[in-house]
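As written, the chains take the letters A, B, C and D, and residue 1 is the first residue of each chain.
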Amino acid sequence: MTVLDTAVDMTTALGSVPLVGPVLTASGCSAFGQELEPFVDLTALGAVVTKSVQLRPRSGRPTPRMAETPSGMLNSIGLQGPGIDGLLAGELPWLAERGVPAFVSIAGTRVEDFAELATRLRGVPGVLGLEVNISCPNVESRGEVFACDPLAASDVIAAVRAAADPAQPVYAKLSPDVTDIVSVARAVTEAGADGLSMINTLLGLVIDPDTMKPVLGGVTGGLSGPAVRPVAVRCVWQVHQALPEVPILGMGGIRSGLDALQFVLAGASAVSVGTAVFHDPSATARVHRELAAALAERGFSSLREAVGYAHR
Amino acid sequence: MSTSRAKGSYLTQPAPKASQPPVQREVEVVSARPVGAYVELTLAAPEVAQRAQPGQFVAFAVGGPMTANLLRRSIAIAGTGEGTVTVVVAPHGPGSTWLAERRAGDTVDVVGPLGRPFPLPGSGTTALLVGGGYGAAALVGLAGLLRSHGSRVLAVTGAADAARLCSVEELGAVADRVEVTTDDGSAGRAGRVTVAVDELIGESGVAYACGPMPMLRAVADAATAAGVPSYVAVEESMACGIGVCMTCVLPVVGSDGQTRFSRSCTEGPVFGGDRVRFADVGSLPWDVVGADAMGVVRP
Amino acid sequence: MTVLDTAVDMTTALGSVPLVGPVLTASGCSAFGQELEPFVDLTALGAVVTKSVQLRPRSGRPTPRMAETPSGMLNSIGLQGPGIDGLLAGELPWLAERGVPAFVSIAGTRVEDFAELATRLRGVPGVLGLEVNISCPNVESRGEVFACDPLAASDVIAAVRAAADPAQPVYAKLSPDVTDIVSVARAVTEAGADGLSMINTLLGLVIDPDTMKPVLGGVTGGLSGPAVRPVAVRCVWQVHQALPEVPILGMGGIRSGLDALQFVLAGASAVSVGTAVFHDPSATARVHRELAAALAERGFSSLREAVGYAHR
Amino acid sequence: MSTSRAKGSYLTQPAPKASQPPVQREVEVVSARPVGAYVELTLAAPEVAQRAQPGQFVAFAVGGPMTANLLRRSIAIAGTGEGTVTVVVAPHGPGSTWLAERRAGDTVDVVGPLGRPFPLPGSGTTALLVGGGYGAAALVGLAGLLRSHGSRVLAVTGAADAARLCSVEELGAVADRVEVTTDDGSAGRAGRVTVAVDELIGESGVAYACGPMPMLRAVADAATAAGVPSYVAVEESMACGIGVCMTCVLPVVGSDGQTRFSRSCTEGPVFGGDRVRFADVGSLPWDVVGADAMGVVRP
């Protein structure tokens, strides 16, 4: 893939940080990027969004961890990962050496965890910014998910913004499983989020017809893939409508350049490709190419012109 | 298997990575042939064929351009020819049924070769190969490679019934000895592969197995009990096949003696038989690295 | 289709009203049943759930009214229909003459509308009960949808229950677009709902890559079909878990008997087949047949035994 | 067209329902033949063939057993033979492309015949048939029926270019006169069908049209202006094709003079040309029955 395979200027930004292109991986859907090397030029991506990391190494949940669903899948990985020490020692240097920008997703179950992670990531080479995965249970509030409560969500974001490197933009990753996503978006923006990532998975459940029990040990899981795309585009549309100045990293079911175009027209200035990578390991590069071609065909000379165009 | 075994007491080392990375290609089916309950597909896929090593697999997109099933289906490589790759598909759910319906001239989207190959023993070591159902197909290439490295090859292939036996002829052509078992006695000896394995493990210096999990466990246990290193190719449900999703994990003891949830697609599918904690598959033992952060405490 | 094509007792109930079978149409997905006559024996269905009716005849929204999405569709019909007078004069007598039980879906934009509809439907021959479509904007609350607010939702249900024929069970039809569906379920049950219908469509949006504007004139629409099934099963599971005694009419993406089985195992005592009818006009009868066979294979002698089985 | 026209001033009556209900069947493709830019499929569908009347359509499930595209694709019936039904498919999006790729021996799931057929004029009436693109195919059966009822048949078939012309031969074999137009002049006369329509409408007692909406509107307007009744087969986006979803509506004036959002699948696709409010398609005029309840007020 060449970044500039059309005349369209595909550069964009995450907050104040410039990106060579608008297509990123999605957290948890491309691990830490290394496994994609045989399939795509990682340096041509906007960034690798890394699997959400917590303070300690985590085993994740027992299997089965997934179920295929119509045009999507349900997952319950349980944030298996190396912990912040492992990330700082292993994956981030690997990416930095190759010049692959990392947008680091952080997760926790208490506000202080998030803040500590942000502190640990200050000034780390190659770390463009932080995506804050607030779709985690808040242990201090009977396990309610941070992202489902505007107050809890903004507590996390305020703490992260205060602790994080000022040069690193902080994006809040929102859950669609709320009655009013605009109110959550507004709350986290007021708390200091430099941008919003939308959407995380929808809460779903599949029952195995053979065992007659939920497929996943955790009972429910996160629904992703093209099945959820109309919900994701709706969230991006609503939030961009209400908060047009807030940058959005759009995601949820993007499989093709025309899918990505929907998110851009709805208000996203960059997109993440998640589940589609499982179907097509070179999906990120293909989506970039197809999006560039689609923009050119529609007479745009830059991606930026197209952001939010459907609202005009 | 005890979870407290000392680091040095393992008979196997983790299987090393494959020598070459995978490719993704749209390839043509050059032949489709029913074999018992299965369908054998041969694909014109020179780049995959050239890179493939026994024990590796490929992952197919299924359902055609309008498919609602996004996850790839992993299928073991049963053999490679002149620029071709052969696989044996057991029609089961929608994805494998679709694959089994492909005909010569159709194209399929394939990623591979994936996963770690079977490590080879010292030259001249007698090897026992055990295949269950279509799992036997994945051992044909291994049998050939072992023979060319000077190994004596003993093969056992078993299945529920005669129609589900696989690669008996192909193994017969290359192995020094082939034992056939079927649960219902419709071909070969009546019973499980273990009857034959128990007889042959004593003369073997290494064992390899591919097939359903209970069979892998039985073979690994028999080998370990006999002091023979074994390598098993596991079949865990996979969403990506390339190591990015973390759905395909199982508890495996690493070279440092610690158990981790290891990805069967990139750290497997071939694991040391004495390193897979079969009894703990599908659960989260306290001593898996990072179990403490999940709230699991040492009992 | 014969109702008893297996040994399994497939009878069930909506509240206190017995049904010959557990498979119903879904409101808005089989009009008033008449068009299905060439394809299925309507009398063998549990009931025909009629398109939501309001007090006055409605033209519905201008076209385009739909967009196909991966494993689903987005619709924005705008409740086109004959109004309650038309329904009472035309469709309900047609169904009653043929002995086809009707579960009448009612909709409105103020509490009194719902109550008046319930009054008008008292004692009408063939009307088994009422499904209250509360996924409508509440004109008295800045257009917020009733179903998104436990208070507004229970006001509607209390008014309908008070006005309705005591012999007609009242089911509240819930929206999945809420942070906590259990709290809405609890509120409407306490307000007198005899049962719950779950789920209505999810709010979605599709942007047309050619016009670069939302496909639907109403911008957003309702997402339905197999794509949403994991969300629907999750809602049924959560509510049955919290309120095991409340009967549930499950729906959302049911296409096959095994899909229906998931809902039953999660806690639904009957199911509606909606979007699948567009794909297969005889889907309701096929789902009944397949569900009966699936129950038989699993050793159930009656549908009732299987209701909520996945929780045990 | 004025919205205030008096009830009695319409030249057409709403088309009556078909005489028989539809069926749903899994049928075999007996032949697939490229015709210009299109593919003509012939299906072994005796029950559909026996019931079909000109102007009706069928609805196909698309994408195969694993499809993510659930909505049926409506395709006009281009003709019926001995137990067969013929359709002409223009590959466009994923559904029609999939259909156009079907080959002899494949099976497809079809529902039909659907919709209301073209009403026939009094015997001996000269009829003008106007087809745009693949729309011409739907008129071949009508031409034959009209001839057998003693009508003189004048046909106009037009398209963007020669490859998109359709059924020229078939119409030539049965019509008394066939005019061909293409926008680019690559076949027949250069220009729109309207050039020919304007010439022929005067000798006609009734006009029929099938094709894109702007063409239908032009033919209907020309006919109405000439005092000739016209029937048009519209093509609205359909989710179900059988009348249950209400996605396929357009504003049509009923026999009582009131405009309703009418379902093009069951109340159409054939409507009186002077009854379709073409200018208002895609909007909600205040005088549509029930527009008041939507908050639309008389201006």
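Just so we're on the same page, a residue touches a chain if its C-beta (ideal position, glycine included) is under 8 Å from a C-beta of that chain, and two chains touch if they have at least 3 such contacts.
Remember, predicted model here, so these are calculated numbers, not experimental data.
Undergrad: Quick check: more C-beta contact pairs at B-C or at C-D?
TA: Contact tally favours C-D.
Undergrad: Please report how many Å separate the Cα centroid of chain A from that of chain D, as a whole number.
TA: Roughly 47 Å separates the two chain centres.
Undergrad: Just curious, how far off is chain B from chain A if you go by their C-alpha centres, in Å?
TA: 34
Undergrad: Could you list the positions in chain D whose residues touch two or more of the other chains?
TA: Residue numbers touching two or more other chains: 68-69.
Undergrad: By residue number and range, which residues of chain A touch two or more other chains?
TA: In chain A, the residues touching two or more other chains are 70-72, 225-226.
Undergrad: Graph of touching chains, which shape: line, ring, star, complete, other?
TA: complete
Undergrad: Using the touch definition up top, name the residues of chain A that touch chain C in the complex.
TA: It is residues 67, 69-72, 74, 148, 177-180, 202-207, 209, 212-214, 219-221, 223, 225-231, 233-234, 237, 253, 258, 261-262, 265-266, 294, 298, 309-310 of chain A that touch chain C.
Undergrad: State the interface residues of chain B toward chain D in the complex, per the touch definition above.
TA: 62-69, 94-95, 98
Undergrad: Spell out the part of chain A that touches chain D in their complex, as residue ranges.
TA: Residues of chain A touching chain D: 70-71, 226.
Undergrad: Mind listing the chain D positions that touch chain C in their complex?
TA: 21-24, 61, 68-72, 109, 111, 236-237, 239-250, 260-261, 266, 281-284, 288-294, 296
Undergrad: Spell out the part of chain D that touches chain A in their complex, as residue ranges.
TA: Residues in contact with chain A: 68.
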